[in-house]
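Each of the next two complexes has chain A plus one more chain, namely chain B in the first and chain C in the second.
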Partner chain A sequence: MAEILQYIQKKGLFYTLHPITKIFLIIVLGFFAITTTNIPFLLFLIGIIVVLALLSNLIHELLSQLLLILAMSVVLIALMVLTLPSGTTIGFLIPVGIPYIGGSIPITTGALEFGVVLSLRFIILISGFQLFVISTQPRDLVHTLERFRVPVDYTLMFVIALRFIPTLQIEGKRIHDAQLARGYNPGKGLLGKVRSVAPIIIPLVSNALSRANVLGLTIDMRGYRKKRTSTFRERSFNRYDSVTTGIVLIAVLGGITSMVIYGHTL
Partner chain B sequence: MITLERVSYKYPHTGRCALDEISLKIEKGACTLITGPSGAGKSTVCLAIAGILHHEYGGKKGGSVLINGKDVKDYKDLGELAANVGIVFDDPEAQLIFTSVEEEIISALEHRDLSEDEIGKRLESILEKTNLTNIRERPPHELSGGQKQRVALAATLALGNDLIILDEPTSELDEHATDGIFEVLKVLKKEGRTIVLVEHKFNRFQELADTVVLLEKGKVIAHDEPEKILKDKSVHDALIPDFSSFRLKGVNLHRDRKPVIIIESLTHNYGEIPALAGVDITIDNGEFIAIVGENGSGKTTLIKHLIGLLRPDKGRIVIDGEDIEKKKVTDIAHSVGLVFQNPDHMFFADTVELEVEFGPKNLNLPLYKNLVDEALREVNLLHAKDLYPRWLSRGERQRLAIACVLAMKPKILIFDEPTTGLDGNEAKEVMEVLKRLQEEGHTIIIVTHNRQIATNCADRLVLMESGKIIEDISLLED
Partner chain C sequence: MFGDRERATLVTMTATFVGLLAIGGFLAVPFFPVPITLQTLFVLLTGVVMGRYAVIPPFLYLVFGIMGLPVFHNGTAGIGIVLGPTGGYLVGFIPAAAIVGIIYEKGKLWLRIPGIVLGTITIYGFGVSWLMLSANLDLVKSLLVGVIPFIPGDILKGIAAYLIADKIHPENKNSTV
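Moving on, here comes the complex of A and B:
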């Protein structure tokens, strides 16, 4: 079973960086991804993430999400075509030849372009976040968020949410098996599918909620809600942090400069 | 170290009396085993001793609990209590917060004002003590139930308290994993820690206990050293369930010696890892088979094949004269019923009746309402028909899970660890149901770690190891 957003023990660039450096890099890339609509520049930012993933030995993990990202891109582009027609019409979603309704949903260059921009933005944001989370030990994450004065309750909430993703995946599979053995039939059609979700979702949610009490008491009785009094193997900034930050910043600024020189607008 | 003086507790809303004037003294360095049937108030006593009851729960409280001479009410909050008391709960999954064994322990150590060197040393010592060194980097979802519970215990030990309270730490664990916890507790006892252990596996833990407290309906009904407490016959029977009476039940009834399951050269791999390596077995109609073996021996993989949840890589399975290779799970479910270890993995309906209805309705069985009543009667739950399934006790939920499958009218019934998490009486009730079903002509297969149940209740014992059947013994007397 593929593990979603779980820390993966490997060796590589992102593992040597301080979490603050990683957060900074992800914010920089995310900021430019959100502020630009320039497709080549967005592709360039994706290129930077791919290089970082390659240097961190995490490219396989990034690519494993490719199918999901492609599906999301198709949905986004379709939504743009349906809701934001602008620019030149290059065809119709419903072919003109079909009587009455033919030619009613135009496919426009503006909608396609904006759909692609949105998809690329999501790819940068999702991949950057994924790269950060799977290369950072949750304890380092807690320490870093504490430094930013994020209240410990919120930090624990985030760590627990990540920690329970695979648990829920495994439990979901067990519940599915148990219901199949009772002749459960995952219904046909959209309505059937929605109806057939109850035998899986209700036990999954009920079991998760019944754990909340013990989880809460465990947090209190281990004193996790109080400030730490000491740290173990705390990460310190090293030369990789400054070198990587410098290279990424130079690359991004270089990219912006060349776009401007070649007459593109960001 | 701990004194309970006439401690009483009534739950809010229901007003049910969970503790009724309990007085206890627990000496420093002693191991106190608190036991009793489900609903006796064992977990509530744990919460009271840890101070949680007074700080976190509503309801009516009476009496006093003193830890190290100070009333728990005078501790500021749970954080302050945590500096004096360590507690391990029954659910291993809910007690792991971080994403590796090592992180879980370090995070607790980091709250103790220790130098980095000292944290490193204590980490190694705790890992060794709890036998976790080899799996220190593993994430929680890759650990077995027993390993998870040892991690929870290790994180509690990291807090450095002398007093450790364990609330049914092995209730969801098999015998092998229980042994793992036992070994750790043995080490802690040797170190002189004060241990309060709530358990219904009296047999396994009596060796550790200096004192045993038997609770029933919120009252202490016996309190003495283990050897002395067992002299009273009623206490002995309550603490040590005896399954030998099952030997005579159900044997040779409805046995026509016709094979109902034939498994030939069954092989299954999980990726590169072999799970079943050429299993051959024939099971006759009306037999009661117990499959035993260590974790990872292939028991659960084998039974999942019998209902089509897993498919053979090689080999053949014939059920009731038909090869099931091409059959869907829903088709196989007409003749094979599988009850999983944790009943809570199946309950989703608002009432017991609707829950049981789900299976026969899925199979389009006629007169399914009658089947529901019949199944509930069989497991003695007809009276609970209109209740919410999750309100039932653990034992009742296990019997409800049996009813859910029974109502589908399968000829063959398979149970994965049917008595895990149950106290002695509940386990007996479940086994009585199973023996009755055998008498009625069903073929019964159970996967269990409990040798006492396996040898007393089954006609045949199948021992598995490394994906193979290494022994197949008839337990029927000539």
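Moving on, here comes the complex of A and C:
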């Protein structure tokens, strides 16, 4: 299981941008992704994310999630085929030749198209957010959230949760390996997977709760709610931020103007 | 205003359970139309451990997912999942955790199993209602695809939550009946 949502130290465009600029960029991409159903336009937005990842030396990290995204897309398309049939029927999920149940789940063009649109939207949303998280230091994230006047409790919840997701992921795998090393044999296949859950969950939850208690005590002792913070390490805006914001604004205004003048729709 | 250890622990506990809920979403067994995940187990455990504050982690989990963090089942994210056929189950996590939390906080031993059952039913209730609306299915069909296949798994998850609660808080075994 690959580690996800973890800050990665590298050099590139996304590392030089201020977190607020990155948030703005991702909100704009997300807005367009959610409002449009145009597949070529969604592919264009994915192209923008790929270019950004290339400029930030993060393309490898982005591509490492490809398998997960493909699996998610297959599930989404199948879900749409099953629940939202519309348009022309081009085949059946269960072949007609099978007695009794054959031909009972039609594959329609409308469902396929909607499934593809949903998958592309998720790719944009997930990849955009992933780029933001893995290229932003937790410290900068906290400063940015403080600037947005997010209460310190919620800022900490967000940052700690973000940090805990990969930690718990790795710990789950370690516990699994440790149980196997102790001779635990859950068996193979689906039943084995089910059996292997209990010896992982109990230590995982127990360790996570102990860690939460220690962390709670630590942050309290360090006076996390005193609000006496230093701006010494706070990031400032640079010319890359101005250029990126300018390009995004021009693209948004250009898009809106084109829609108004030529009557294009997203 | 420091020296408020309970509040600090609440912050870290919330973050921990958001993390656990997300991990539960990654450990999904693909199934149609609702994937089987360990999330419901962690929702019940949130209630067991956090009491009335159990309402916060599932809520934040939902917010994180809507924001674009890939924390939903199979690493999905976005408002589309919440508005999609499985969205009701995700929204149902919030009242379910609250119900289990409040019941566990009461400390009555005989109320715990009904509490866990009620929490699970709440998730089903929200899930099926939204499944009917979003996928335009009738009640019987929704129950067939969104409840019946998951009952054996959820019974196991309910028992697991009850037993894990005892392991986490051994003092619970001897508390007020």
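In the analysis below, the second predicted complex is superposed on the first by the 229 of 266 C-alpha atoms of A that agree within 3 Å, B and C clash if a C-alpha of one lies under 4 Å from a C-alpha of the other, contacts with A are read in each partner's own complex, and residues count from 1 in each chain.
Note that in this section contacts are C-beta pairs under 8 Å (C-beta built on N, C-alpha and C of every residue); 3 or more make two chains touch, one makes a residue touch a chain.
What you see is a predicted model; the values in this text were computed from it and never measured.
Looking at the shared chain after the overlay, A:A198 reaches both chain B and chain C. When the shared chain is aligned, chain B comes close enough to touch A:A178, but chain C does not. After overlaying the two complexes on the shared chain, residue contacts for A:S206 are found with chain B and with chain C alike.
When the shared chain is aligned, chain B comes close enough to touch A:P138, but chain C does not. Judged by the touch definition given at the top, the superposed model places A:I126 against chain C, while chain B stays out of reach.
In the superposition on chain A, A:L5 makes contact with chain C only, while chain B stays out of contact range. When the shared chain is aligned, chain B and chain C each come close enough to touch A:D220. Applying the stated contact rule after C-alpha superposition, one finds that A:I26 touches chain C and leaves chain B untouched. Comparing the two interfaces of chain A, the one with chain B and the one with chain C have residues 156, 159-160, 162-163, 167, 198, 202, 206, 211-212, 215, 217, 219-221, 223-226 in common.
Of all residues in chain C, those touching chain A in their complex are 1-5, 7-16, 18-20, 22-23, 26-27, 29-30, 32-33, 35, 38, 41, 45, 49, 56, 60, 64, 67-71, 74-80, 84-85, 134-135, 137, 156, 160, 164, 167-168. Across the interface of their complex, chain B is touched by residues 3, 6-7, 9, 137-139, 142, 156, 159-160, 162-163, 166-167, 170-171, 174-175, 177-185, 198-200, 202-203, 206-207, 210-212, 214-215, 217-226, 228-233 of chain A. Of all the residues in chain A, the ones that touch chain C in their complex are 1, 4-5, 26, 30, 34, 65, 68-69, 71-72, 75-76, 78-79, 82-84, 118, 121-122, 125-126, 128-130, 133, 153-154, 156-165, 167-169, 172, 190, 193-194, 197-198, 201-202, 204-206, 208-209, 211-213, 215-217, 219-221, 223-226. Residue ranges of chain B in contact with chain A, taken from their complex: 50, 52, 56, 77-79, 81-83, 85-87, 89-91, 93-100, 103, 106-116, 119-120, 123, 137, 139-141, 152, 155-156, 159, 304, 307, 309, 329-330, 333, 337-338, 340, 342, 344-348, 358-359, 362-363, 390, 404-405, 408.
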